[in-house]
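Please read through the structure below; I'll follow up with questions.
Note that the chains are named A, B, C, D, E, F and G in the order they appear, and that numbering of residues resets to 1 at the start of each chain.
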Amino acid sequence: MSVYYFGAIALVLIGLYAVLVKKNVLKILIGLSIMETGVNLLLVSIGYISGKSAPILSEGITASNAVDPIPQALVLTAIVIGVATTAMALSVAIILYEKYGTLNVEEIRRLRG
Amino acid sequence: MEEAGKISRYLYTVIVLFLIWLLLTASTDPQELGMGLILSLVIAAFTYPVFTTRGLANLHPKRIVYAIAYIPYFLWAMIMANLDVAYRVLHPKRPIRPGIVHCKTALKTNPGKLALANSITLTPGTITLDVDGENYFIHWIWVPDEVFRAESDEEHVEKASSNITAPFEKFLKVIFG
Amino acid sequence: MIGINIYLILIAIATLLSMYRVFRGPTTVDRLVAVDIMTTITTGLMVLFALYYKRMIFLDVALVYAVLAFGGVIAFARYMEGGL
Amino acid sequence: MINELLIIILAPLIAGGIAWALDIRGIREAIGIIGAALPLAMLAKLYSQVLDEAINYSITISGFTLQFQLNSMSWYFAAIASLVGLAMAFGMASTSKNGYDWLFALMSFTGVLGVFLSQDFVGFFLFWELMTFASFMMVLKRNRHESLKYFVLSVIGAYAMLIAIGMLYAKTGALDFASIRQALYIDAALGTITTRETAIIFALFLTAFGVKAGAFPLHVWAPGAYSETDQSYTAFFSGALSKAGAYGFLLLYILMGYKLYAALGTFHDHLVFAYIIAWIGALTVVIASFLAVLQEDIRKLFAYSSVGQVGYILLAFGLGTSLGFAGGLFHVLSHAVFKGLFWLVTAAIILQTGKTQFKDMGGLAEKMPFTFAMSLIAVLSLAGIPPMAGFASKWLIYEAAIQAHMPLVAGAIFLGSALAFAYVVRFLYAVWFGQRPSDLEDVKEAPLPLLIGMAILAIPNVLFGVAPGIVTDYINKMLGGEIVGGNYYKLVTPTGTYNALLVTVALVLGLAIAGLIYLYGAKVRKIPVTNTYQSGNPVTEEFNLSIRKNFYRPLAEALAFWLRYSFDRFYERVARMAEDFADWLREGFYNGNVQSYSWYLAIVLLILALWGVL
Amino acid sequence: MLKRALAIITLLIIGYWLAQGLAGVPFGEDKMVVGKYYLEHVKEDTGAVNAVTAIVVNYRGFDTLGEVTVLFIASTGVGALLWRKKKKRTAKTEGSLVLTTGAELLFPFVVLFGTYIFIHGHLTPGGGFPGGATIATAFLLLYMAFVTYEIPHRAFEKTEGLAGIGYVLVGLIGLAIGGYFLYDWIWQTWGWGHDNIGRLFSGGFIPIIYTLIGIKVGTELSGIIDNMLKEGVSE
Amino acid sequence: MNVLAAVGEILVLIGTFFYFLSALGLIRMPDVYNRMQTSTKSATLGSLGVMVGVGLWALGSDFGSVAWFTKTIVIAVFLLLTNPISAHALIRAAYKSGIPLWEGSVVDKYAEHLMSKTEKSEIVEKEGDAE
Amino acid sequence: MNAQYASLLIALPLISAFFVPLIKGLGNKAIKYYLAIVTAVQTGIAAWVFHQVYTTGDPIIVVAGGWKPPVGINLYFGHFAALFVLIVAVVSFLMAVFNFKAINVEPVDKYAMLFLLLMLGATGMIATGDLFNLFVFMEITSISAYALTAYNKTGEAAEASLKYIILGGIGSSFFLIGVALIYGATGTLNMAHLAQLAPYIDPKVVQVGLALIIFGLAVEAELFPLNAWAPDAYQAAPHPITVMFSAFVVKAGLYAMARILYLFASATGWENVTKLLVIMATLTVVVAEFSALRQKDVKRMVAYSSISQIGLIAVAFALGTQSGVDAGVFHMVNHAIVKALLFLTVGYVGITLGETKIEKFSGLGRRMPLTAFAITVGSLAAVGIPLFNIFWSKVRILLAGVEAGYTWSVALILGASVVEAVYYLRLIHTMWFTEAEGEAIKEDLAIGTIAIFLVLLVLFIGIYPNYFWTVSQKAGEDIFRVIDYVKNVPLMGVGA
C-alpha cells in the first residue's frame, strides 16, 4: 500500500476521530473537513499512474503518458461540495451559538427521545 | 494630498493590470493579448477607485528609477536579515532580547507606509505590529541598549527610527511620496 | 534533476517541523503562524513540482494556492484579533 | 349484472357508507336496515341452489385473485350472521343515534360475511381485518382503553394468521383454500413441511382464531369490548362476529386437518391438535362461566357468558368427531340467536333505565313485559332448558363428548351449564322480579324496532328448539352424512335420543304454573331488596349480599386464590412493560447528542469491517 | 479516556478493513477504462487540452451543473439562515493601515488573476471554481481590511442568478440545436475553434461556461462571506 | 545544463535551506512573537529563492520558456507583498488576543501607546457626558 | 417530441431556481405563485415522461451533451424513475400550494430556491445512471435539506440541521470512498457498465466498496441505527419540507440503495450485504415504532412512523426477490401518499394551533373536522387497515418476506405494527372522543382540497389497487431486472 493511500485513510480516520471525541461543534466540523480531504486524496491517488503526468495534453504530454483524468475531475466536484457543506454547517453553528450560547454538543440536545 | 483625475487613475490601473497579464501569460498570441486588454479594461473599470489615488503620476520616471534601485538595496537588507535570523536560530544559546519599540515616519502616502511596513517586517529582526498615523510599533528581536535605555520617549523614538525606518525612507519617499 | 531529492528532504523536514508547531500550539496564533509557514512552503513545493514534471501549468496552481492561502490566513488572523 | 355474492358481502357496507354520509335521522336507519336485510334476502333466495352446487365468484385485485364461494357451510354461517345482523339493525334503529355507529356496525357485518364466503387467504385476511377494525371502531368511540386492548389482541391474532398464511404461501405457493388444502394433503405424505413448521403454523392459526373466538387465555378483550359499545351492536359482535373465530377452527380442520394429523399424531386415540382445541374450549367454558357468575354488571355478565358459550363450540370442534362438529355447528346457531337476543334485551334495559348494575334494577317485568318475555326465552335457551335451541345444541355436544370418551371435557360442559344456570337465574330475578327501585317507576317498554329485533332472534330460538331437526338435517347435508338421526322434532345420536316436541308440551304446562306462582309472589313479597338470607345479621356495606349485589360473593371468596391470577392483569402489565421499554429505548437511543449518533455510524462501520475481516 | 481508546480501536479496525479493500486497487497502476477514452479523444471531441476540464464541463457536464447547484444552495442556504431583518458587520476594529492598503493594492490583481484562471480553464488546471474562489478572495480581503465594507448584494444576487440561468441556457441551446442537453454546439455544431486547439479561443463552450461559473462562484462565495460577517441588529 | 540552470539550482537550494531554517525557528524560539521574527523572514526569502531559482532553472532547460520565468516572478512578487502583510496581521492578532510578550522582553511601547489612547478616548467620553 | 426533452426535468427546476433572485422584488406572494407554477409545469413534464415510458414500455435515456455512456452521464427514466419523478413533482406542487399557508418566515425567496433544488436533487438521484453523479445529486438533495431543516432559524431547527449535517457528512464521505474503490476496480462510473463488470471485480474490493456505498446511502435512507438525525429533522423542518422529506427525499436514497444493490447482484458475497440490510431494516421498523409509542409530539410521532415504514420498504428491497422489490415499490408509492397526507394535516394543525403537541389534538374532530378526518384516514392507512392503500403493499411485503425465508423479520415487523396501531388509534381517539377546548376553526380551502385529494387517493388505491399495483410491478422490474437495465442503456464499447 502506498503512502498516499495510507495518508488518505489516516486523514479519514483522524477526521472521524475528531467527530467521535471532540465536544466542540467547530472541532467536529473540522473533523468532517479532514475526512473529506482524506477522501479526496484517496480519489486522486487511485487515479494516479506511476511515471505519468497531469492529463493536460500540452507541453509534450499525450494520451500515453497522462494519468487518469476522471478522479481529478471528480475531486474538483467533491471539493466544491465539501466547501458548500462546510459553509452550511458554519452558518448553522452561528445560529446554534446565538440560541444556545454554547457549541458543546453535549449541551445541544433539546431535540431528543 | 489631492487625488488625480478619474481617467488618469483608470488608465494607470489598466496599464498595471495589462502588465501583470503579460507576465501571467508570457504570450504574444494575439488572442491572449486581446483578451488581456479587454479584461484589464473591464476590471480596471470597477477596481480603479480602490487601487490608486495618484493615477498615472506613479509612472514618473524618477519614481521608476528609484523603485528599480530600491530592489537590490532591499534584497540585500533582507538577506542580511535572514543571516541574522539564521545566526539566532542556529546559535545554541538563542541570543534574543525582544521588545516592542516606537518609530515615526515621514512618509505620507498609504502605499508608502505599506512598503515601509513590509520592508521592516522583512528585514533585521523586526516585524511591524501596528501602524497608527505616523507611528510605527515594531517588535524587535534584539533591542539595542541605546533604544531601550533611552531616557525620554522622544529619544527612544529617534533612536529607534534611525535604526529601523530611516534606511528605507530615502527611497520610499521618492517612490511613494 | 537528481538534486531535487535534497530539496524535497529539506522541505519535508520543514513541513514536519511546522506540523509539530501546528499540533503543539500552545496558542492558536502559534498554530496559525505555523500554518502560514506551511502554506508558503507548499507554494514553493508546487513550483518545484512544476519543474519536476516540466509542466508550467502547475505554476498557475501555485499562484491560486498562494492567493487563497493568503486570504485564509488573513481571515483567521483577523478573527483571532477579535476584529470580525 | 352484479354478482349475487357481491351483493351479499357488500350490501351492508355500502348501506353503512350511505347512512354515514347522509346521517339524516330516519333515512339513516331505513337504509341501514335495508342494507342489513339484503344479505339475508339473497341468502334465502339462494338457499335451494346452494345445497346442489356451490356458487363461485372471483375478482383480481392488486394482483391477488380473491375467490368467494357460497356453499352449504358458508351459507350456514352467513345466514346466521345475516339473521343476527338484521336483528342488530333493528336494535340499532332504537339505540343508536349517529351515522358513525351505522357505518362501522355494517362494515363489520360485511367483514364477517366476507370472512365466511372467502375461499382464499387474501380475501379471508382482508375481511378479517375489516371486521376487526370495524368492531374496534365501535368500541373505540366509547372506551379507548378497552378498545385498544381488543385491537391489540386482535391485531396480534391477525398478524399471527398473516405469518401462518405467509408460511403456507411460501411452502405451497398458493393462497387459495383449494390449492392449499390439496398441497397440504399431498404434503402429509411427503413431509416436506417439517413437524416443527406445521406446529408453528398451527399455533399461529390457533392464536389468530382463538383471539377472535375469545378462547382462554386470549379472551381478556371480550368483557370490556362487549360492554363498551352499543349493546344492539354487541348482539352482532358476540352473536356473529365471534363466530368467525369458531369458523376459523373449522377451516383449520378443512385445510390442515390431514397434515396436522400426519405431523402431530394422536394422543390417547385423539388427534393431538384437536385435543388441544378441545381443552382450550373446556377451559374457556369453565373459567368464563365462573367469572360470569361473579359479575355485578349485566353487560359484563353476558360478556363472560358469551366467551363461555363460544368455548362450547371450540370444545365441540375439538372432539374431532362428526357428532362433535354437528353439535358445534348447531351451537353456533343457537348461541347466535340466544346471545344475540340477550344483548338486545340488555340494550333495551339500558336504553330504558340507563342502568347497567344489578344493584340498580329490579321488578322490571311489569314495566317491560315484552322484553321480559324475550329475555325469558333467552334465559331458557342459554341455560340449556328444553325446548330451546340452546338445549338441543348443548345436548348434542354433550352426547358427542361422551361418545368421544372425553369425560373430563364432558364434565366441563356440565359444570359450565350449572354455572350458566346460576347466572341467568340471578339475571332473571335481579332484573325482572323483586322490588323496583323508586327511580325506575317511569320505565317504559322498549321501542318497537328493538322489539322487532328481539322477535327476529326469539323466533329461531323457539323454532329450532322445538324442531331441532331442521338444523341437524341441514348439518347432515353439509357434513355429508347421517350424523344426527331422527326427524324435525327428534334428535337421535348413537348414545341417546331427544324428543323436543314432547319436552315442549311438558314445558308449556310447567311454565303456565310458574307464571301463576310469580304473579302471586310478586304481590305478596314486598320486602326490602337488601333483606336476604342473612338471618338476622346486621347488614353492612362490606358484606351486603342480595340478589342484586354481591350475590355470589361467597363464591368469589372461595375462588379468591385463583382470582388473583388474571390474564387480563398479566397482559396489562406486559403492555405497561412494553411502553416502559419503548421509553427506555427512545430515550436511550435518541439521546439528543449528535456525538452518540456519530458513534452509531462508527459502530455500523465497525460491524461492517468485522463482517468483512472475519 | 475510555472513549478515546475505544475510538482509536474502532477506527483502526475500520482502517484495516478499508486498507484490505484498497489492496485490490493497487496504487500507481493503470486502471483506466473510460479514462483512456477521454485522453485519446479529448482534443477532437471537445477542443480542450485539459482533459480534466473537458470531463468536468463536457463529458460529465451534469456533475458540474450539479456542483454549481451545490454551491448555489450553500450560498442561498447561508443567506437564508443568516437572514435578519436588519444587519450590520460584526467587525469592531479596523484593520491596520498595512492591511487596508495591502488589500486595496492587491484587489485588482487578484480579480484579474481569477478571471485569468477561469478563462484558461480548458488549457490549464484552472476553471470556474478556482477562478471564482480567487475572485471571492479579493472581496474577502476587502472585508478583512475594512470594517464597513459591503458588497453590493442585490447586484451580486442578480448576477449570480443570471450566470446560473446562462449556464442552463447554454445547455438548453445545445438541446435545441444538437438534440441533447448540454450539447457543445459551439464545438460540435458550429465547429468553432478547431484550428485553434491549445490557444485561447478553443474548447467549444468550455470558456463560456467557465466564465459563467467563475462569475457565479465568485459572487456566491462573496455572498457567503458577506453573510457570515454580519449579525442581526435589533431595532 | 547551462549557467542559468546552475544558478537557478543554487538559488533553489538556498531557498529550500531557508525553508528549513524558517521551520526550525518555529521550533526553537520561545514565544509566538519571536517565532514569527525568525520564520516569516526566512520563509519569504526561501520562497524568493525557490521561485526565481525555478524560473531561471527552467529558462535554462530545454523545455523552458520565458513564461516560466515571468510566472515565477509573479508568484515571488506576490509572496513578497503578502507574506509581510500576513506576518503583520498575525503578530497583531497575537498581541490583541492577549498573548503576553516573552518574559525576557525589555520594552513594550505599544502597550503604553494603547493605554494613552484609551485614556484619551475616556476623557472624550466624559466630556461628552458632561455636555 | 424528442425524448431528450426529458432533460427539462433537470433543467427547469434549476433555471427556475436561478431565476428567483430576479423576481425577488415582486414580493413573497408572487414568489409563492411562481413556485406553484414552476412545480405545475414540472408535473406536466413528468407526466409526459411517465406517459411516454408507460405507453411505449421503453425507458427514456437522456444522454447529457450527446456523449454516449459510459463516456457521458446518462439519465435513465425507466419505469421506476418515470413513476417516481412524477410523484416528486406532484408532491412538490401540492407543497407549493401548502407553502401559501405554511411559510411565513423570511426570506421566502431563498426558501423558494431551496425548495426547487430539493425537488431537483431528488429527481436527479432517481434519474441518474451514473454513480458519481448520484453522489452529486445526493449532495444537492442533502445540502438543500440541511438548509431547509434549519430554515425556521430556531435553536431546535439549527440543532436538527447540525445533526443532519454531521451524520450526512460522515455518510457521504464513506459513500465516496466506496465510489473510489469501485471506480478503482472497474475504471468506470456508469451504472449499467458497472453492472456488466460486477462479476469480474475483485471480491474484496466489491465487498468493501459496496458496503461503504450502501452505508452512505443508508444514512440518507434512514436505516437504523444511522437514522438518528431523522426524527429531529422531520420535527424541526417547515411542514411542507417535512412532507417532502418523507414523501420523496428519503425514498430517493432508498431507491438509490436498491438500485446499486441490484446492480451488483452478480458480485461475489452479495448475499451477505442483503442479509445485513434485512437485519438493519427490521431493526429500523421495530425501534422506530417503539419510539413513536409514547411520543407527545404528533409530528415527531408521525416522523417515527414514517421511519418505520421506510424500514419496511428497505426490508422489501433487501429480500433479493422480484416479489419483494415489487412490493417495496408499491409501498413506496402508498407511503408517499399517506405520509404526505399526515404531515400535511398535522402540519396544518401546527400552523393553526401553534404547535403539534398531542394535547392540541383533543377534540380536533369538532374543531377542525375535515383535518381530523384526513388525519384519521392517514392514520388508519398507516396502520394497514383493509380498504386503505397501505394494506395491500404491506401484505405483499410480508408475504414476500416469509417467502424469502425471513419469517423472523416478518414476525418482528408485525409485532412492531401492533405498537403502531396503538399510537395511531390513541391519536384518533384523542381527536374524536375527547373534549374540545376552544372554538371551531374555519379550515383552509386549498389545504382541505389537497387533503381530500390525498384521502381519495388512499381510499381509491385501497379499494381498487390494480392500476397502481401494475405500475409498481413494472417499476419493480425496472430495479430488479438488471439485465434489462444494462440492455437499455446504449453503452458504447469502451474498454469492453
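Definition applied: a residue touches a chain if its C-beta (ideal position, glycine included) is under 8 Å from a C-beta of that chain, and two chains touch if they have at least 3 such contacts.
Going by UniProt, the chains are A, B, C, E, F = Cation:proton antiporter; D = NADH dehydrogenase subunit M; G = NADH dehydrogenase subunit N.
Small disclaimer: the values here were computed from a predicted structure and weren't measured.
The chains that touch subunit E as well as subunit F are B, C.
On a Cα centroid basis, the chain most remote from subunit F in this structure is D.
For subunit G, the chain whose average C-alpha position is most distant is B. Of all chains shown, the one whose average CA position lies nearest the global CA mean is G. Centroids of subunit B and subunit E (each the mean of its C-alpha atoms) stand 33 Å apart. Centroids of subunit A and subunit F (each the mean of its C-alpha atoms) stand 29 Å apart.
Subunit C and subunit G have Cα centroids lying 45 Å from one another.
Residue positions 54, 56-58, 60, 63, 67, 70, 74, 78, 81-83 of subunit C each touch two or more of the other chains. Residue positions 20, 24-25, 117-118, 128, 130, 132 of subunit B are each in touch with at least two other chains. Touching two or more other chains at once are residues 7, 10-11, 14, 17-18, 20-23, 25, 31-32, 34-36, 38, 60, 63, 66-67, 70, 73-74, 77-78, 81, 93, 95-96, 98-99, 102, 105, 109, 113, 116, 123-125 of subunit E.
You'll find the chains touch as A-C, A-D, A-E, A-G, B-E, B-F, C-E, C-F, D-E, D-G, E-F, E-G. Listing the residues of subunit G that touch subunit D in their complex gives 162-163, 166-167, 170-171, 174, 204, 207-208, 211-212, 215, 218-219, 225-226, 228-229, 231, 272, 276, 280, 287, 290-291, 293-295, 380, 384-387, 391-392, 395-396, 398-399, 401-403, 405, 407, 410-411, 414-415, 417-419, 421-422, 425-426, 428-429, 432-433, 464-466, 469-470, 473. Of all residues in subunit A, those touching subunit C in their complex are 53-54, 56, 58-61.
By the touch criterion stated above, subunit E contacts subunit C in their complex at residues 90-95, 99, 110, 113, 116-117, 120, 123-126, 130, 133-134, 137, 140-141, 144, 147, 229. Residues 16, 19-20, 23, 28, 105-106, 108-113 of subunit A are the ones touching subunit D in the complex. Within the complex formed with subunit A, the subunit E residues making contact are 3-4, 7-8, 10-12, 14-15, 18-19, 22-23, 25, 27-32, 34-36, 38-40, 42-43, 49-52, 54-56, 60, 63-64, 66-67, 70-71, 73-75, 77-78, 81-82, 123-125, 127, 129, 198, 224, 227-228.
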